[in-house]
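Pasting the structures here.
Next come two complexes built around chain A: one with chain B, the other with chain C.
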Partner chain A sequence: MRFAKRLLKNFDLLRVICAVLIGFAFALILLLFISKDPMNAIETFVLGPFKSRRRFFNIIELMIPLVFTSLGMCMMLSVGKYNLIVEGGFMFSGAIVAWLASSVFSPEMPAVVSPTLLIVVGALVGALCGVVPALLDVKWRANVVVITIMLNYILANASTFVLRYWMRDTTVTYLGSQKIAKSAKLHSIIAGTSMHTGVFIAFIAVLFTWWFINKTTKGYEVRLTGSNIKFAHYVGINTTAAMILAQAMGGSLAGIGGAVEILGKYDRFLWVNQTGYGFTGLMIAVLVNYRPELTPLVAFLFAYLQIGANIVGTTTDVPTEFVLVFQSVIILLVAASLFMSSLKKRLAIKVSMAEAEG
Partner chain B sequence: MFEQFFSQDYMVAFLNSIIRMSTPLIFCAIGALIADHAGTMNMALEGIMLSASFAAVYFSALTSSMWGGIIGALFGGCIISSLLAYFHLFKKSDLIITGIALNTFASGGTSYLLFLTTGEKTTSRLLRSLQAPQVNIPYIQDIPILGEVLSGHNVLTYSSFICIIIVYVLIFKSRFGLRVRAVGHNPNAANSIGLNVRKIKFRALLISGAFASLGGAFMSMGYLSYFARDMIAGRGYIGLAAATLASGKPFGTLLAALGFGTANAFSITLATMNLNADLVAMLPYAATILGLVLISARKLAIEKGKTKLVNKIMEEKKL
Partner chain C sequence: MVHQHFMLVEQLTVAENVVLGREPKKNGLFDFEEAVRITGQVAQHYNFKLDPRVKVEDCSVGVKQKIEILKALLRGAKILILDEPTAVLTPQEVIELFEELKKLRDMGHTIVFISHKLNEVMAFCDSFTILRKGRVAQEGKIADYSEQELSNFMIGRVLSKTKKRQNKGERGEEILRVRDVSYTNRQGKKLLESISFSLCKGEIIGVAGVEGNGQNELSELITGLARFSQGDITVDGVSIKGKSVRQIRDMGISNISEDRMVFGCSATLSVIDNMIADRYYKQPYSNYQCLNTKVIKREVKELVGRYEISCPDEASAISMLSGGNIQKVIVAREFTGGAHVVVANQPTRGIDVGAASFIHDQLIQMTADNDAAVLLISADLSEILSMSDAIIVMVGGEISAYIEDASKVSELELGEYMLGVKKMDSSEIIKALHSAKTNGFKVVSE
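Let's look at the complex of A and B:
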């Protein structure tokens, strides 16, 4: 009985775990069909990421942008807006930061100052990206989802424009920017891997977002606006300000993410397509039910899956995209509020019957 | 640079490409329109079109017939739209999140199936699939310029225009349409007079998916002759925007879709003229945003005007 009670208490967690397991089963079936040597592919997918130190740190590295974008999405969703600008804001601020880092910032500048400045620039660019759709929404009630998806395409093109015409290095054969100044880069913290100091910035961002949403008045106003805008309005909260603030912060988190990613991981800016981190961020935010403190955990899970899929993609005959199916199945199940609801009902009845009996 | 643009051949080719580029948008916007009337929002249109365009190629190669491809496309699209309807209506999940998840699902799923069936990772050029035929309209094709613009399009292009009429009849002149609109307008009232709200919404979403699937079929059987990864490239969302822009009117939807098709064709034409490709590629999306903002601003102004009028009348009555 105590077990049933505990199960009921942590039912949300149980649901997520079940969804992940079902998704996992799905992925294994997909692998089984497509691979000539399925056992090897499955083993590579599941255990591959932990087989070497480098691969393990690859997971942590991939976690960093995902943490930022999912935090951004948590902010957007906690105010109840499906502002998907996180995707475009991440990329565009990366482009702007790379442009500044490769042209304006000279190698002689002090090593701590320039990354800090550049991250601030990234945050501002991201905030700007977040505010534009927010303003269109509050002023004219334009559909945020469609507007931000369109803006994402525009920002992706704008980033390519910046790359091609402002900072292209014509001495290399591929489409890449000039080299980013050494002084601007985030340092590697573990020798032999490309783990960089961005992981600390991500950690601070998680703490800050958690603190803002749960412990500040403004954060409470944001949450209240998200859960019941009319009520928030009647108790005297400036809902317009709350909406704009939350979306600006969400955008700036994405912007910081883009800056950190570029300064930590790349020598040159190379992105020509949408990165997809924003949409993965949305999925993570849904999975953690908009609780920022849990994003690193789920970001780790998603990064692990992606790295596993990448290894499968490079070492065996399987394309990496099957992992998208995996991720979307998890989200479909978790987003379905009635998924496993009958079990929950039965558990609740069982527990309350037992309590009534004494 | 621009003299070339105004030459007759160029104009004809340009107008011709407007019609071609608009076709998938029209189909998709019809889909969005039906979902809109049923009080839902079909966010999965992108995924529906993508899976339909893959299924079109696959089934047309399998059955080596065009109809096999079309039916396959309807089947492929309906899988996604019925998943959306099932999760939204029976599992109470959020439409937007489910829609985006399904788009990801379709993107990953089609890449997976592409590899499974052809062993290729980017395109399906190896599959011997058929194209939907081009149609020359008698009499019209003989008119000098008009004929070149209007005739010789894909059969699916003409169907898209016919579909607008079909949808108009379906929504505004049929019993089913009345029920769909009732459910969309006020589900509780519809329920109270004995309509099965869930069933009607489910059907509306399926039909919405079916129309979008035809757009997907056009992408791989008319616009291109093969399937390429993520070939829809945002057209699903643009179609959604077109329907939002027209606020539920079929012929307005047609106009909006043609408008976005024009922006699309324009960007391709400009790109060939040594203009900046990246800036020009933004054009259709920027046009969509502008259109959406204008239309919602107008709606808001009308709403405000109404409230003002009501307040005024109330005051006068008090006096």
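Let's look at the complex of A and C:
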């Protein structure tokens, strides 16, 4: 009985775990069919990411941008808006930060001040990216999903513009920016890997977002507006302000993510296509039901899957892309609101019956 | 069947709406010209004036209703069911509708006219069936009964289970004053027409009336959710004109909304979050923009105990609670925020008897020490009669009667006012309003 009650309370989590397990089973079955040596492929996929120190830290590195974008999406979804600008904001902030870091910032500048300043710039650029669709939405009732998808293309092309015309290094054969000043970069923290201090910033961002949403009055207004805007209006909350604030913050989290990614992992700015981190962030935010404190967990899972798939792609006969099937199954099951709903109903009835008796 | 709320595709033309479901086809494609022809033909046959080519969204409400009727007729309907067809119409449109319906009747159609407006039923129908609480209360020929008798059948005997509130006969100072307030909605329909009344501390004024006669609009205007076009509302002498909902709440007005799941709470949030919605930004619930979780939890726990709310724990989603308990959460919030005026709109609708009587007790307590006043809007006559000091009856957005002393009116008389059988003339209402207030002040000055 106590168990049933606890199960009911954490039902969302149970749902996600079930979805992940089903997705995992699905991926393994898929491997059986597409690989000539399925056992090897499965082993590589499941255990590969843990087989060396470098690979393990690859997971953590990949986690960092995912944590930022999923936190950004948590903010957007908390206020009830499918604002997808996180994708473009991440990339564009990265471009602007790289441009500043490769032109304005000189190697002589103090090592801690420069990255801090640049991350603040990234946050501002991201916030701007988030506010534009929010304003279009509240002023003109423009559909946020449509405009942010379009804005994402504009921001991707704007980033490429910055790369080509403001900071391109013509001495290298590929399309890349000038070198980012050493002083602006985030330090590596573990020798032999490219693990950088961004992981701490991500950790702080998780704590901050959790604190903001759950413990501040503004965060409360955001939650109330997101969950029932009519109720929020009825108790006297300025819903317009709450919507703009949440989307600005969501954008700035993405912006910080872009800055941290560029300053932590890259010598030059190289992105010419959308990174996809924003959309993965959306998936993660949906999976954790907009709860920021859970994002690192699921971000780790997604990063692990991606790294595993990368290893499978390079060492076996299975293409990397098969991991997308896995991710899609999980998202499909979690997004399908009726998945496991009958079990939830039965549990709820059982619990309330028992309560009525005792 | 013509629904009270129209079932039309606003973006399509009249003709397309009429033929929807049985579209004429040419070469496998929709034939718009044929649809226009069919619509025009049917409209002409029944003498409806319609332009089949206009979009429905550009039509007036009266025309939309005709489209609905036409839809049914085109499908060969012999029996037309109209659910409150006049609720959304202007008086001129009502007359037009009746003319057309009478023609349909003469052509051999049967019309089932669902309405609570007795005068319309009397003017238009041949026979009637009165439903009360899901049972047939009376049926017969209109010609055999008077309007008075019909009204009595509709009200029935109200079994008054709720305890009668003692009329204290003594009021505090005036707190809420509504003067000549009118309200016109976006569609241009006048929903409130020069409403005036005053509410004193320690007083409960009941607003009786069949639902949809302007009561919701009145409560929205007082709480700032809608803006009045004319007149003024003052709280303690200060006008609420142009003030935000938050500012009006801070002036001491609180509100139990008639639709608790849409306006009264947020279903997915916890009991705690729902309970603090009106006070989270005040001391001691928050300091420097940070919520004071400890204080909030303690206070909510205290309120949950005091208002006898049964819930698994305060952190669980409010949607897990029963309707009565959800309403108690809302009542606990709205009654303990330091309000001087509570606009309670259908506070006990659709909840169990126990919760309802608990809420009644709380309403009485609110006014017991002459600190607060309650405007009790309800469609439940026994509730109005047992709780109120004075009663306002609203019909069609106007005050049709003001009863100074609620204990001096019978259910049947009140029912007659509600159904528009009886109506006080305006001089009587003004007189009643005036004498009530002077009485109130006299008692205080003594």
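Assume the second predicted complex is superposed on the first by the 340 of 358 C-alpha atoms of A that agree within 3 Å, B and C clash if a C-alpha of one lies under 4 Å from a C-alpha of the other, contacts with A are read in each partner's own complex, and residues count from 1 in each chain.
The rule is short, and it goes like this: a residue touches a chain if its C-beta (ideal position, glycine included) is under 8 Å from a C-beta of that chain, and two chains touch if they have at least 3 such contacts.
Quick caveat, the model's predicted, so the values are computed rather than measured.
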Chain B versus chain C as contact partner of A:Ala335, first or second or both or neither: first
Touching partner for A:Leu324 - first (chain B), second (chain C), both, neither: first
Comparison of chain B and chain C by chain A residues contacted: B
Contacts of A:Leu124 with chain B and chain C, given as first, second, both or neither: neither
Contacts of A:Arg223 with chain B and chain C, given as first, second, both or neither: second
Chain B versus chain C as contact partner of A:Lys215, first or second or both or neither: second
Residues of chain A at both interfaces, chain B in one complex, chain C in the other: none
List of chain A residues in touch with chain C within their complex: 5, 9, 214-218, 220, 223-224, 227-228, 230-238, 348, 355
Contact footprint of chain A on chain C as seen in their complex: 223-225, 244-249, 255, 257, 262-269, 273, 276-278, 280-281, 286, 289-291, 293, 312, 316, 320
Chain B-facing residues of chain A, complex: 30, 33-34, 82, 136, 139-143, 145-147, 149-151, 153-154, 157-158, 160-161, 164-165, 279, 282-283, 286, 318-319, 321-329, 331-332, 335-339
Residue ranges of chain B touching chain A (in the complex, touch as defined): 43, 83, 87, 90-94, 96-98, 100-102, 104-105, 107-109, 111-112, 115-116, 121, 234, 237-238, 240-241, 244, 276, 278-279, 281-282, 285-286, 288-289, 292-293, 296-297, 299-300
